[in-house]
Amino acid sequence: MMSTISNDKQFRDALNGLNAQQQRLVGALFVENVLGLSNDPRVAQSLVVAKGTDLAEDVVNLARRSIKAACLEAHTRCGADGEWTDQAGYFVARAAEACLEPEGRSQGKGAAWKAAMSARMARTCLAADSDEDAHDTESQAQYQILTSYLDA
Amino acid sequence: MDANELLAWARGSGFDIALTIFVAGMLLRLLEVLALGNKPDLSAPRGSGPKGGVQTLLSRNLPRKAVFDREPLRIINGYVLHIGFFIVLFLYGPHIVLFESFLGFGWPGLPSGVIDAVGAITILSLIAALVFRLNNKVIRFISTKDDYVAWAVTLLPLLTGYLTYNHLVASYTMMLALHLLSVELLLVVAPFTKLTHMFSFAMARWYQGYQAGRRGVES
Amino acid sequence: MSAPSVEKGIQAIKGQIDAPVASFFSACVHCGLCAEACLFYTETGDPKYTPINKVEPMRRIWEREYTLFGKAKAALGLSKEVDADTFAEWETLVYDGCTLCGRCSLVCPVGNDISGMIRKIREGFAAAGYAPEGLIGASTRAVEIGSPMGVKLPAVQAQIKHLQKNTGLDVPIDAKGAEYLVLLSSMEIMNFPEYLEAIARIMHQAGKSWTIASKAFEATNSGIQIGVSDIAKLLVSRVVDAADELGVKTVISPECGHAFTAIRWDGANLIGRPYGFEVKHILEVLDEFVKKGLIKTEGMEDAKLTYHDPCQIARKGGVVEQPRNLLNRIASNFVEMEDAGEMNWCCGGGGGVSANERADELKLTAFNRKKAQLEALGVDTLVTACANCRLTLEEGLEENNMDIPIVGLTEMLAEYLVEDDKEQA
Amino acid sequence: MDDLTLSERLRQRGVSRRGFMKFCAATASMMALPPIMIPKVAAALEQARRPSVIWLSFQECTGCTESLTRSHAPTIEGLIFDHISLDYHHTLQAAAGDAAEHARDEAMKKNWGEYLLVVDGSIPLGENGNFSTIAGISNLEMLKEVAEGAAAIISVGTCAAFGGLPMANPNPTGAVSVSDIIKDKPIVNVPGCPPIPTVITGVLAHFLTFGRLPELDHLNRPKVFFGQNIHDRCYRRPFYERGQFAETFDDEGARKGWCLFKLGCKGPTTYNACATAKWNEGTSFPIEAGHGCIGCSEPNFWDAGGFYRALSLPHTNVGETILTAGAAGIAIGAAAAVLNRKRKSDAVDNRETITIKDLSKES
């Protein structure tokens, strides 16, 4: 039984301990936690693939391309009037994209950690217009998700 | 007006009028440009403006690879055209005598035969330039009457000069008269066409080079 | 304040014509080489995108107003006027078809700064009411809200809180006497928040004091892109006032192209006096820190990658060596694309083009130039240093289904910083 | 008037048949006639009757006569000159005063329509011709009178042919050339200051041989002698080709016989036979003697710029022109500059500040 995770260092070390498949799965869980912030169906579809096991390469690639497109479309154009609620959707899509990222391209960070960060960023977007402290709640929620996953 | 009278006029008042219009015209254009002023750049400098000016004055004499690869022939032809023109103008004995008469000093020239050959090449190069201008959709699109006038008045002196030197078409006297008249036409037209670039190119390069030098930017 | 009019437009252009512009028009020999350097011509093949043709209206005004010969021709009705049709016809050339990338100015054999002239002619087009919708919106939001994308301070504060949670590092706001004032572009705040996090970690390791100004966190300057010096002056004054108020030594321009031009080169001229502080691009600062050993990196990215030179930073900003120095420290397989450095090709989205929806299709066509460069190289990752380039490149790659991730250089460098023990919150 | 033929007279003077044939060959070759023509020339010359020649000298310096009479060295050309019946020549004839004029009237009446009129010197029109008179008759009147009965007129020397020195700027006497006055007679211009003697006798020989004037160019000069410019036939042409020019009259180049273009040689624009026929029986010609050709056989050669100014130099002082033009340019330029500065400052000053409200057309 891992000790409960109470800070990011432990959170990060725990995540680094997971293999690629597990990273993808935990990342998907993180995304699900903030899925409500995005209204793009492609995000949910990509999670199915992320959580799926030993899937055909082209299925993964297809999902990866579709979530990448979703992510791009959710961007706020340069100079366009940014809506933070839409932007939250962008970060959710980005979190989902992180889950499906090919192994070789981690640039020093695990897929799950990147998904977690984007998910938290999605939550923060809501705080942009109001000042309620959404950020902390998300981190705690993520610690819980990881702990319950490790316990299972 | 027989050849001798024509030549006498061309060497006399014709030359005078043309030279006056040329010098006065170019100075007018220069002052009209300078009058519009150039606000000093207040941004923090990284390098020296004048150094940049000089560097750009030289750097633009050579094309950049990226553009040269796309239009090698046209660019090379540009060099043949200009270098040929300068050789014929500045390295031919009789022309040197003319410069010597008002500069006070002269310089050695090339054998007339060589000048003749270079003149021929320059004429062909100028004609090639026209062919390029007509066939390249970009240049045809941006070309104006002024370009074709400038081309013609630049070709005529070379053509008449070549014919005079080789004693072709008419008597030497008549050809020399026509040669001088064509030079005078060039001088008269120059300040009012793109031929002002014979001086303004230096100003343009200096202005851009100065800013680039001051900003420590490639130019 | 009166409604825009053709007359106001012409007046504005007349005011913009100075000795350099006059010398440029006196020097142009219509050789067409500027077109060979302009990706809008090379990718569309349409001669109307020839750079010198884009400033034809200004040439007409210069000739008719400022040369005796031109006035005579005008009196005889031998020269074309500039009227509403001219503005309408040239609007898409001056805005949609030009990113102010400056490549034409660099190849002009007689040395004409054509992109500089396009920046000037936009003053007339904006005054005449022919600026694109997107840019008008962006400028309005920039003036009224403080950022062309409507980002307000609370959003930045929320991001800072997020960052503090992740890294445990503090992001000081309005800290008087800090050595560096860090600016952000809206694109970074909204789409690429990792930039701020990277800055925080870098500054922390370098042990440098820095701050963000609550009244001037926005680096971008829509006034430069739309071509209205009055608006550009208003926007840049915010940064200058904040920097003076906080007494910072250096203002850091972020990973954004035109923002660097606005604050580094145009700012002093817009407000009419030299700054009391230095301005550096983030890459210049990083290069300094690395050279002085203030920050150390470990480990290398082994993916085959190349670097896209944002025009305003490399060609117009002179920041060419620094990114190479940085990349050589953290990437083992860094290859240069053809024409890299100051002659690199534009991404197609700069100078306000990406904010102008009407230009989207043209922008994607222009992207083919960059696509060709990348295809010839076959890299796994593309690094750049401008948020707008990054987004424009992403859209371009997506359109051509080329799967190359793009990352900002500052963000990438931060990932390879030596891991000092981060104290957790 | 004895009616001996030319050959009979020559035999009287002890000229052998062979000597005569050598002369005919020389004449034929000089007129660029093919060798087979030599016997024809000889036959014609033998039969040639003594044509009556009236020589009128107007505003002239007798240089032409000096050149023609070769008083310093009588030659076969001189003999032929004796052969013609020179019925009237101020300098050469013994008679003077009324007797001289009477001799002229006699000759005219006797050979009306047949005689050859040779003129040297230009004809003044100023003071209705009275700048130069002979026996009270103005040159103008005399020319018209004598020309009327002439078979043909030969203007000898640039003065008669083109007006020469007297007509040079400012032309105080209002001098003109023969062809400026006589329009209805065949005229041959034999320009030169003076012309080459063999060119004159060549023209005479042609007239005697063929009874008509030689083929002429656009200035009525015999093409055979004036068809090519000196430059084309100049023996120094290779130096010109190599760009080797003498800079001063005694510099190394001059001593090496380099091209004299820079010293004002007008060879290229001067059409004459000096470079081939040469002077003093083919001894030399001005360029060979180290002096540039001064273009003496061309119209207005006196006013064609200094003899020592190279052909490529304008007559005007280029330096001065540039300075004066420069001053004018600066003056006009300054005015235009003030105008430009004002127009620009107006445009800048009257420009309203643009705010975000002034950007879209609808607002």
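Just so it is clear, A, B, C and D label the chains in written order, and each chain counts residues from 1 on its own.
The definition used in the following text is that a residue touches a chain if its C-beta (ideal position, glycine included) is under 8 Å from a C-beta of that chain, and two chains touch if they have at least 3 such contacts.
None of the values given here were measured: they were computed from a predicted structure.
A summary of chain positions shows that the Cα centroid lying nearest the centre of all protein Cα atoms is that of chain B. Between the chain pairs C-D and A-C, more C-beta pairs are in contact across A-C.
Distance between chain centres (mean CA atoms), chain C to chain D: 77 Å. Note: centroid distance chain A to chain C, computed from Cα atoms, is 31 Å. Work out the mean CA point of chain A and of chain D, and you get 105 Å between them.
Rounded to a whole number, the gap between the C-alpha centres of chain A and chain B is 66 angstrom. Multi-chain contact residues of chain D, defined as those touching 2 or more other chains: 332, 336, 340, 344. Shared interface positions of chain B, defined as residues touching 2 or more other chains, are 28-29, 32, 34-37. Counting partner chains per residue, chain A has no residue touching two or more of them. Pairs of chains meeting the touch criterion: A-C, B-C, B-D, C-D. Taken in their complex, chain A has these residues touching chain C: 7-9, 65, 68-69, 72, 75-82, 84, 87, 90, 104-105, 107-109, 117, 120-121, 124-125, 127-131, 133-136, 139. Chain contact summary for the complex, chain D toward chain B: residues 218-219, 229, 231-232, 240-243, 245, 261-262, 268-269, 271, 298-301, 303-305, 310-319, 321-322, 324-326, 328-330, 332-334, 336-341, 344.
Contacts from chain C toward chain D in the complex involve residues 1-4, 8, 11-12, 14-15, 17-18, 65-68, 126-127, 129-131, 133, 136, 139-140, 143-144, 226, 228, 230-231. Contact residues on chain C toward chain A in their complex (touch as defined above): 134-135, 137-138, 141, 148-152, 154-155, 157-159, 161-162, 165-166, 168, 186-187, 190-191, 193, 222, 299, 301, 303, 349, 352, 354-355, 357, 380-381, 387-388, 391-392, 394-395, 398, 401, 403, 405, 407, 412, 415-416, 422, 424-425. Chain B makes touch with chain D in their complex at residues 2-5, 7-8, 11-13, 15-16, 19-32, 34-37, 92-95, 97-98, 101-102, 109-115, 167, 171-173, 176, 180.
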